[in-house]
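Right after this note come the structures.
Two complexes, one shared chain (chain A), two partners (chain B, chain C).
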Partner chain A sequence: MEHTSLLERILRGIALTLVVIFFMFPIVWIFMMSFQTNETILRIPPQLVFKPTLANYTALITGKLTTAAGTLDIAFMRNLWNSVFLSVTSVAVALLLGVPAAYAFARHKFRGSEDIAFTLLSFRFAPALLVLLPLTLYFQKLGLANTYIGLIWVYQLICLPLILWIVRGYFEDIPADIEYAYRIAGHSWFATFRKIALPLAGPGIAAAGLLAFIFAWNNFVFALVLASADKQPVTVGALAFITSSGIQYGQISAAIVLSITPTLALALYAQRYLVEGLSLGAVKG
Partner chain B sequence: MASLELRNVVKRYKSQTVLDNLSLTVADGETLVLFGPSGAGKTVLLRLVAGVIDPDEGKILIGGEDMTDLDAEFRGVGMAFQNFALFPHMTAFDNIATPLQANRSSQSAIKTGVQSVAKLLKIGHVLSHKPRALSNGQKQRTALARALVGSPPVLLLDDPLRNVDAKLRFEMRLELPRLLADRGATVVYVTQDYKEAMALGDRIAVMSQGVIKQLGTPEQIYREPANIEIARLFGDPTINLLDVKPSRDAKGIYVGLSNVQVHLAGAYETAVGRDCVIGLRPEALSFVDEGTPAAIPVTIEAETPLNEKIVTLVRTVRGREILVSRPAGTPGQTEGRAHIGVDSKSALLFDRASGDRIGSKNVVNLRSGEAA
Partner chain C sequence: MTAATMQRRRPSGFRISKKVLPYVLSLPALLVCIGILIPFFTSVVYSFQRYRLSQPWARQFNWGDNYISFFTDPKFWNTLEISLLYAGITVLLELLLGLGIAMLLQKRSTLNNFISIMLLMPLMTAPALAALMWKLMTNPGFGVLSYLASLIGLQDFRWASSPSTALFTVVLVDIWVYTPFIMILLLAGLRSLPTQPFEAAALDGVPRSFVFFRITLPMLTPYILTATLFRLLDSIQQFDIIYAMTQGGPGDTLTVFQVEAYLNFFQSTNVGRSAALMIILWAITYFLSNIFIKNWLRLRERARGQA
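Up next, the complex of A and B:
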C-alpha cells in the first residue's frame, strides 16, 4: 500500500465514492421520501430541499392513515411485530432442529444420509407458488391456515435447509481428532457436541442464523397466501398502502425504513463477530 | 495399571483391509513402539484401542476386561495425537484439565493436577494461552500433558514428536522414557523414526500393510531383522544390501564379494545355490590392511562425518557402492585405494525372492500374531 501514489489514492477514493453513491442512492432516496408528503414526493422535477414532516411515521405508529378519501386503519405496527415474531421463532426452531441434524449429517455417515440431506436441500428448489396450492388445502383441513404455527412450519422450508447445509460444512471442517480427544478425555458424545462442536462451529451457526433470518423476514408469497390481516408480516402488509386514492409513497417509504431497521441493525451488530469468527480460522489448532 | 491385549483384530475400510487379523499383547507397564511406514495401520490400531473407531472383528482387552464395545470415554486411556488435536477455543490450562473435569474432580484438585503435570513438562508459564498463541513445542507438550494428567493406565502416543523441530525432538527423546517410566503406565507409542523407536521401546512391533512383521526388543530388531525391509528401515546410515549366491567349500558356506570369498558364520546350509541378498551394516565393515584374509579391494569415493561416526562411501571393483562407518575420532584412510573386511558374524542373509531372512535364530517372527 505504501507504493501507491497520491493520484492513485485520489482516483481510488473517487471510484469508491461513485460505487457507494450508486448503491446507497435508492436507500437514501427512500429515507428522504419517508419525511415528505405525497405532494412533495410527486413534484416534477424532484427537489432535494423540502420541509421534513413526521406525519408518515405518526400515521404508521398510530395506525391511522389519512388519505384524500378519508381515514383508513392500517395494521403496520402489528405487521412489524408479526415479522419479528415469525422470523425469530422460525430461525429459533430451524436452529434447534437444523444444528443437531447438521452435526449428524457431518459426523455420522449412515445409509441414505446423503439422500436425506439432499432432499432437505431440494425444498429450496421447489417453486413456492407450486407448493402453495396443495399446502393451503392441507392447512385448511388441518386447521393450520392463518395460524402462527402453520406459518412458522412453512417458514422451515426457507430456514431449515439453509441452516442445515451451512452449519454442516462448519461441523465437517472441525478435525475429527479434536472431538476424539475430548471423548477419550472421558466426556460423552453429547458433552463433546456441546463443549467442542458447538463453540467451534459458532461463527458458522451465527452466519447461517442471520442469513435464515433475512430470508424469513423478506418472505412474501407464503405469508400472502397463508395468513390473513392479523398474522401478516410487513412484506405483505405494505400492500395496504396501495389505496383507492393512490399509492401512499410517503408511508411506504417510512414503512420500508422501519422494516429494514431490525435486519440492518442485526446485520451490522453481527457483522463484527462474524468477520472476526470467520477470519480467525477458529478451528486451526 | 493394566495390560493391553488385541485378539485377532480386523479393520476394513470399504474393500481395503487396514488391519488384518492382528493380535498383540502389551504387558503392564511396558512401552511398546509401533513402527512402520505411513499407511501401515499404526494410527488405526491406536484409535481402535482408544475406542474412537470400532473393529470389524476381534476383541480389545484392557486390564483383562473386554473393552471392544465400550465407548471411548469409559476406557480410561490417555492419548496424544500427532496433530496435537488441542481444543482451539480453550486455554492450555483448560485443555489439560479436560480429563480431570470428566471425572468430576474438585476445582482445587484440577488446579493442582494441571499445574504439577505442566511443571513436569515445563509449560507452567503458558497455561493461560490459547493454542494458537503456543509454539509447536508448547502445543506438543500441552497435548502430552493432557494425555498424562489423569494418570491413565494405558497411554497411546501417536507420533507426538512428528510435528516438532529437531532440537525439541532430540530433547523429548531423552525425556520421554523417564517420564513414561515414572508414570508406570502401559504405553503404545507410534513413530516412523527408527531412532525414537530404539530409544523408547521396551519392545518394537514393526508394522507393514496391516500386519506385524516383527515383534521384538530393539536389539533383536536391529541384529536379527525378519526381512530386508526391516533391515533397511532400522539403522542410519542404511544397511548395505548386495546380491549374492552362497556356495559351499571345505571351510563352510561362503559368498563371493568382488571375487573375494567371504565365509559366513551361521547356519546357512539352506541358502546354498539360492539367489540371496547379503546385508552388511556399515559398522560391520572396517578398513583392513592389504593381505588380510578376505579383504575386499575398494576405492574410496567420499567421506561424511555423521555425529558420532564417520561414514565412508566406497566402490568395489564391480562398481557397487558400499557404506562403511567407524567411530568418530578413529584414524582412517580418506582417499584412494583401500581394503575392507567383513565382520561375518553380523552379516545378514536374506532370500532374494521373498525378502525373508535366512537362518532365523532367536528371531521372534510374528505374522498374524503367531510365531512363523
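Up next, the complex of A and C:
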C-alpha cells in the first residue's frame, strides 16, 4: 500500500478544505442572505449571526412587496412557473422525438445515419446567437415571438442532442440478440421496442431526461432574446428583478435560492448519471 | 438463425418495411431541427448585407464589406482578443484546478465521494444566476467579498465595475461554475485507469513525480483533451456570465463575440455586422468541434467497450 506521511495528509486536508470553502461559500452565503432583512444585510462588517426572517420568501410567494414607499408587485412566481412549464414541456417533447430517433440510430445503420447524428450533435456546439438573432425576425413574422410554443421549439436545441446521444448509447448497450429472440417469437418491431428496448434503456432515458431538464432550466440566452416579461423563466426574470426592485437584496437572494434549488436537488438525485450525461456519453461515472 | 427465417416468421398486419423504419423513427426529430437550420443560412446571407433594423430601406448586399471592415476595426480586434483571452485563461486555470482537485479526491472514500458530489452544485447552478450571486457578494456597499478584500488591504477593490479587474471577476465566476465539470470528468478518468502500472511503479520505488508525468498524465490524456475541448468550445462562446455580470462593460472591456453580437443586434441594430461576427465565431467553433468530436468518439468507444 501507499504510505503517506503526516505532513502530506495535513497538506491534503488543508487543500481540500480550501476547495470546499471556495465552491460552497457562495451558495451558503446567498442562502443566509435570503433569511435576512435589508438592515442586517447592509450592516458592515457582514453578520454571521442574525435573527432569521421568512419575510423575503413570503413577499416573493404572495407577490407583494411592502416597502416604506408603498406596495410593489413582484412577478417572480410567474417566472418560476414559466421555468417549470418550459423545462418540463421541452423535455417531454425532446423525449418523444429523441428516443425513437436514438433507437433508429443505435439499431439501424441506415444511409447517412452517422452524418445526421453528428449534425444534431453539432447543434450543441454552435453559437446560440448565430441561430437566435435571425430567428427573432422569423418569429415576429410567424407570430411565434414571445409564445411558449416558439420557446419550446428553440429549447429543443439543448434537449434533443443531449437526449439523442445519451439514449443512443444506452440502446447500443442492449445486446441485439435479446431483441432478435423476441422478434422471432413473433412480435412486431413496435412490441419489441416497447417491451424490450424501452424498459432496458429506462434508467438511461430517465437520466437523460433529468439532465435535459437541468440544462433547459439553466438556459438564459434563448428566453432573453425571444421572450418578454410574462414568458421569461427565472434565469432572465431574476436579472430583471435586480434592476426593478433596486435595493431589496434579501428578496433577490431568496429568488436566487428558489431558482437554483430545483436543479441542485435533481443533480444530487441524478448524480450517478451526471458524468456520463455531461460528457455526452463519452465517460462513464 | 438467419435474417431470412426471421423475415418469414414476422407477423402479418401492421408493418413497416425494414428499410423505411429508421427514417420514420428519426424523421420527427430531423424536421424539428431543420426549422433551426434555416436561421443558420439566413445568418450567412445577413452577414453579406448592409442591414440595419433602424434603416430597413437601405438594406442591400455589400458582399464582403462587413468582413473586410473588421480588419481595420479596433472594436473587432478587441472582441477577438478578449474572447481568446477569456477562453484561454478560464480553460487553463480550470484544467489545472480540476486536475488537482480530482487527484485529491481520487481515492474512493465516503468523504471524498461526498465532497465530489457537493462540488457539483456550482456546475448545476445556472451560470446567469451564479453571476448574480457573485454580483451580490462583490457589491461595493455590503458585499462580503468587498469586505474581505478591504481586510487584506484592497480598500477600493471594484471587482466587475472597474475595467482593470472586470476580466478577473468574470473569470473567477467562470472558474467557480465550470471547474467542477473538468474535475468530475478527470475524476472518472482517474478512477477508471488500470491499477497495474501504478502497483509496478510503487514496487520499483519510482519517484512520484515520475509516476505522475510518465504514467498518470499520458493515460489521462484522452480525458484531459475531451474535457479541455468541451470547455474551450463553451468558453469562447461565453455569454450568460458576462452579460449577467456586466453586459459587456465597463465600456467595451468584456465585449466577447456573443455579447458584442447581441449588443450590435439589439442596441445598434446592426444586423449585418452582428451576423458576420457570429459567422466568424462559428468558424472558430467548427474547427474546434471537429477536433473535439474525434477525441470524444475515441473515448466513447472505450466507455462502450467497458460497459
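The criterion applied here is as follows: the second predicted complex is superposed on the first by the 228 of 285 C-alpha atoms of A that agree within 3 Å, B and C clash if a C-alpha of one lies under 4 Å from a C-alpha of the other, contacts with A are read in each partner's own complex, and residues count from 1 in each chain.
Definition applied: a contact is a pair of C-beta atoms (placed from the backbone, for glycine too) under 8 Å apart; a residue touches a chain by one contact, two chains touch by 3 or more.
Every value quoted in this text rests on a predicted model; they were computed, and no experiment measured them.
For A:S122, select first, second, both or neither according to whether it touches chain B, chain C, the two together, or no partner.
Once the two structures are laid over each other on A, A:S122 reaches chain C alone.
Considering only the touch criterion stated at the top, classify A:I184 as touching first (chain B), second (chain C), both, or neither.
A:I184 contacts both chain B and chain C.
Given the superposition on chain A, which partner contacts more residues in chain A: chain B or chain C?
Between chain B and chain C, the winner on chain A residue contacts is C.
Quick one: is A:D230 in contact with chain B, with chain C, with both, or with neither? Answer first, second, both or neither.
In the superposition, A:D230 contacts neither chain B nor chain C.
Tell me the contact category for A:E8 with respect to chain B and chain C: first, second, both or neither.
After superposition on chain A, A:E8 lies in contact with neither partner.
Check the residue A:E114 against both partner chains and state whether it touches chain B (first), chain C (second), both, or neither.
neither
From the superposed pair, tell me which chain A residues show up as contacts to chain B and also as contacts to chain C.
180, 183-184, 186-189, 282-285
Which part of chain A faces chain B closely enough to touch in the complex?
Checking each residue of chain A against chain B gives 175, 177-178, 180-189, 196, 199-200, 282-285.
Please name which positions on chain A make contact with chain C in the complex.
2, 12, 15-16, 19-20, 22-24, 26-27, 29-30, 33, 41-46, 96-98, 100-101, 103-105, 107-108, 110, 113, 116, 118-123, 125-135, 137-138, 153-154, 156-157, 160, 164, 169, 172-173, 180, 183-184, 186-190, 214, 217-221, 224-225, 234-236, 238-239, 242, 249, 252-253, 256, 259-260, 263-264, 266-268, 271, 274-276, 278-285
Would you mind writing out the residues of chain C in touch with chain A in their complex?
Spelled out, the residues of chain C in touch with chain A are 1, 5-6, 9-11, 13-16, 18-19, 21-23, 25-26, 28-30, 32-33, 35-36, 38-40, 42-43, 46, 100-101, 104-105, 115, 117-130, 132-137, 139, 141-142, 144, 147, 176, 179-181, 184-185, 188-189, 192, 202, 223, 226-227, 230, 233, 237, 239-240, 243-244, 257-258, 261-262, 265, 271, 274-275, 278-279, 281-282, 285-286, 288-289, 292-293, 296-297, 299-300, 303-304, 306-307.
Which positions of chain B touch chain A when the two form their complex?
Per the stated touch rule, the residues are 47, 50-52, 71-73, 75-79, 81, 83-89, 98-99, 101-103, 131-132, 139, 146, 150.
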